[in-house]
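One structure, pasted below without further comment.
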Amino acid sequence: MIRANDIHKTFNPGTINEKVALNGVTLELNDGEFVTVIGGNGAGKSTFLNALAGVWPVDSGSIEIDGVNVTGLSEHKRAKYLGRVFQDPMTGTAADMEIIENLALANRRGKNRGLSWGVTKNEKEEYYELLKELDLGLEERMTAKVGLLSGGQRQALTLLMATLQKPKVLLLDEHTAALDPKTAKTVLETTDRIVSNHKLTTLMVTHNMKDAINHGNRLIMMNEGKIILNISGEEKKNLTVKDLLQKFEEVSGEEFTTDKAILGG
Amino acid sequence: MKKKLLAIMLTAAMAVTTITACGGNTGSSTGGSDATQNVSNPNAKYNVGVCQLVQHPALDAATEGFTAALRDSLGEDVNITIQNAAGDSATCATITNTFVSDGVDLIMANATPALQAAVSSTGDIPIVGTSVTDYATALELDSWNGKTGINVTGTSDLAPLAEQAAMLKDIFPASTYKNVGILYCAAEANSKYQAEEITKELTEMGYAVSDYTFSDTNDVAAVTTNACQNCDVIYIPTDNTAASCTETIDSVARPAGVPIVAGEEGICKVCGTVTLSINYYDIGYAAGEMAVQILKDGKDPKDMEIGFAKNVTKEFNPEICSALGITVPDDYKEIAKD
Amino acid sequence: MDITSLFAALPGNIAQGIIWGVMALGVYLTFRVLNIADLTVDGSFATGGAVTVVLITNGVPVPVAILVAVLAGALAGLCTGILHTVLGIPDILAGILSQIALYSINLDIMSGCANMAVNVMKYKLLLSLRNVPGAILVSLIFVVVIIALMYWYLGTEQGSALRSTGNNPAMSRAQGININMMKVIALSLSNALVALSGGLIAQYQGFADINMGRGAIVIGLAAVIIGEVIGNAIFKKKMNFVLRLSFVVIGAIIYYIVIGIVLWLHMPTNDLKLFTAIIVAIFLAVPYLKGTANNSFRKAAKRGAGK
């Protein structure tokens, strides 16, 4: 369970580059809920995820995860509650380290890192099985450097890493945006499988309306640092892209604009 | 393309090193013309290795004097290998180790770190030092009776500080030149020692003495400026760093009208008014004579007393003295221009 | 110019190389593992030497003196780490600040003396120029133990976190690693090794000198880089971590053999540092230029013209 209460964030306050990125965002996710977040460029989707992850402190408002107020916790302290996958496949993994070492690092998320071995023998077997489930052949390349993997493989691995220690909330920040359509589809399928297997509470940012509609059980739309739409239940199931665009225009009074192809995918 | 780039870079690097290598050679020939001396004579009876900390006029002169003394007495019977550590104390160790592994008959160590490295390298091969101010400190000896008691002897570059203080008093009496600043590099052990010694002398004579230390050549100008603002006269000991920044010191002190008394001739030539000069060539030569006694007459360095400069000359720099309106007594010798 | 004299001097060069290799291992930790060029080492190397000499000459047993020197080095690294992480000063600048501060601190440690001797005849030093084979043996033992410790440490949970911090800070934070803490730890460990090397060198050459660490970072980088190039050339992709560390030390040995050759050839030593800087610059530039050579605008123009 995660609760964001009236989050505000302004970048470069008092300068010519001042930008109000989050203007009072309030959102509550119940356990096991899979929420997709959509919005135009600069709507504040990724900023909202970063606020939850604690990349920087928010200006006002509070964030609660599983009953714990984490507003004052730094990013690495908050990490124990959160699994994260980023837009750039390079961000989520350590390129110069082995696949198995990356997994072992992730397996110790939120734990004290002491002087026992970084990778134990039992873990190796465990990871072998988990990698096999990804069906990318990575289980046979466990000692290969992650830098040798393709973007899709890296995202799948990051997804596995993010969920190795079951997170309270899984934050997916446009994690398929940098992939080609086919790979993106595979990674999304893997996402669905992992989320449903572990019954993870998930927040997925995407710029692809179709994906936002087809995945998850609730959809929110952001604009100018605010949540302007919140659709769930039957309404969400019957939603089409056309409906979504229409609703956007109704609420915001402007046309949905983005430089990316938002309709296809 | 890749290969071409690499080739260009390597060629450039080699060209740079070669060019600077040529420059370096001409520079070192003033120090000891090693080009000729390093040609080994297979018939020579003695092999002598000279380890010089860094090239500057005083140390170069000492090496020159040393080799001259050896040549004068032993002629072609001696091979002299001169190595310069380029100011790097670790390289001193490399050099003295090479001398020991070559089995030289004697090592001449020019400046303190060179002497220390030589002593660490061998307890058997005789070592003759020069340009070392204080052997007891340099070698960490418990007792001092004028001899080291080990395989080391040599000459000190210490100008008699009492006489220097007396000279300062002659020209710059405490009645008008109350505040004396001592300008030196904090990183030089010899300078610190001299500063302490002359402070005692000057304080007794009624001067107010304060130290102005810089940590390297970068702060020389600033520290000198500060000294000039607060002092009536400045004293500079035999400091290697100051010796390499005399132009800078002069360009600050002369416009400020503050006279400088220098601990050695080289410094006085550029920025000083008067000096009581020991001549590095002379102490080098005296060290060379000691080396000859060890090699030829079989004397043991542990029985040989550390030598000091015998002849001190009162010298003055006419250009700076007249610029500052200072007149010196007749027994001061005009400093020789290069 | 007798070749035998070059070989006779070789053991001394090797001993010096191994001891500097300890420092190079410290540099490896920051430069390669943490991805920071830490300039503190120029100061902490002399700190190690100064502390060792001052304590030994004051009657402290040599092993204790060395241990204190190591701690002093770690403290220096800690300061750089705090300047960098807590006070937000860029890593290079934090290192420079520590280095400059250490100059004064080192002078204070030696009670204002720029140079302090430690008489090999008076104390039971671990190693000395007097006994070069012994020095090689002792320094080799140090290197073997240090490589073993580094291999173990970097394989632990904490060590893995340290490596990932250098490799990908964003990912490390997301995995709950306190990367600031990791940086401080690595800087401390690195400078501890550098100070150890300084303490050994001071004993080896019989004195500590305020200027003994000048340019140490470049020598360390030279050792790391020369070792990598040679190791990769010999073992290609079979380079494992122990080999990698061993070749750092071999790089330092080669560096000092080259200096031996330069002296043997009577090449002007004044240009040694320039020579070193050029070597390091070339080896640092090659991987970059290899990349740009395949990916340059000029090539693109050529390709365009060809079609």
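Every chain is named by a letter (A, B and C) in the order it is written, and numbering of its residues begins at 1.
To be clear about the criterion, a residue touches a chain if its C-beta (ideal position, glycine included) is under 8 Å from a C-beta of that chain, and two chains touch if they have at least 3 such contacts.
All of these numbers come straight from a predicted model, not from anything done at the bench.
S.K.: If you check the contacts of chain A and chain C, which chains show up for both?
M.R.: Touches both chain A and chain C: nothing.
S.K.: With chain centres set to the mean of the C-alpha atoms, which chain is at the far end from chain C?
M.R.: Result for max centroid distance from chain C is chain A.
S.K.: Nearest chain to the global Cα centroid?
M.R.: Nearest to the common C-alpha centre lies chain C.
S.K.: Could you state the distance in Å from the CA-based centre of chain A to that of chain C?
M.R.: 41
S.K.: What whole-Å value do you get for the distance between chain B and chain C if each is reduced to the mean of its CA atoms?
M.R.: 31
S.K.: Please tell me the distance, in whole Å, between the geometric centres of chain A and chain B computed from their C-alpha atoms.
M.R.: Here chain A and chain B have centroids separated by 69 Å.
S.K.: What residues in chain C touch two or more of the other chains?
M.R.: Residues: none.
S.K.: Which residues of chain C touch chain B once you look at their complex with the stated criterion?
M.R.: Counting only chain C, the residues touching chain B are 1-2, 5, 8-9, 11-13, 16, 20, 57, 103-104, 107, 112-122, 128-130, 132, 201, 204-207, 209-212, 214-215, 256, 259-260, 263-264, 266-275, 278-279, 282, 285-286, 289-290, 293-294, 296, 299.
S.K.: For chain A, which residues count as touching chain C in their complex?
M.R.: 53, 75-77, 79-80, 82, 84, 86, 90-97, 101-102, 104-106, 108-111, 113-119, 161
S.K.: In their complex, what parts of chain B are in touch with chain C?
M.R.: Those residues of chain B that touch chain C are 1-2, 5-6, 9-10, 13, 16-17, 20-21, 23-25, 27-28, 34, 38, 40, 55, 83-98, 100-103, 112-113, 116-117, 119-123, 137-142, 150, 185-189, 192, 215.
S.K.: Which part of chain C faces chain A closely enough to touch in the complex?
M.R.: Residues 153, 155-161, 163-164, 167-168, 170-179 of chain C touch chain A in their complex.
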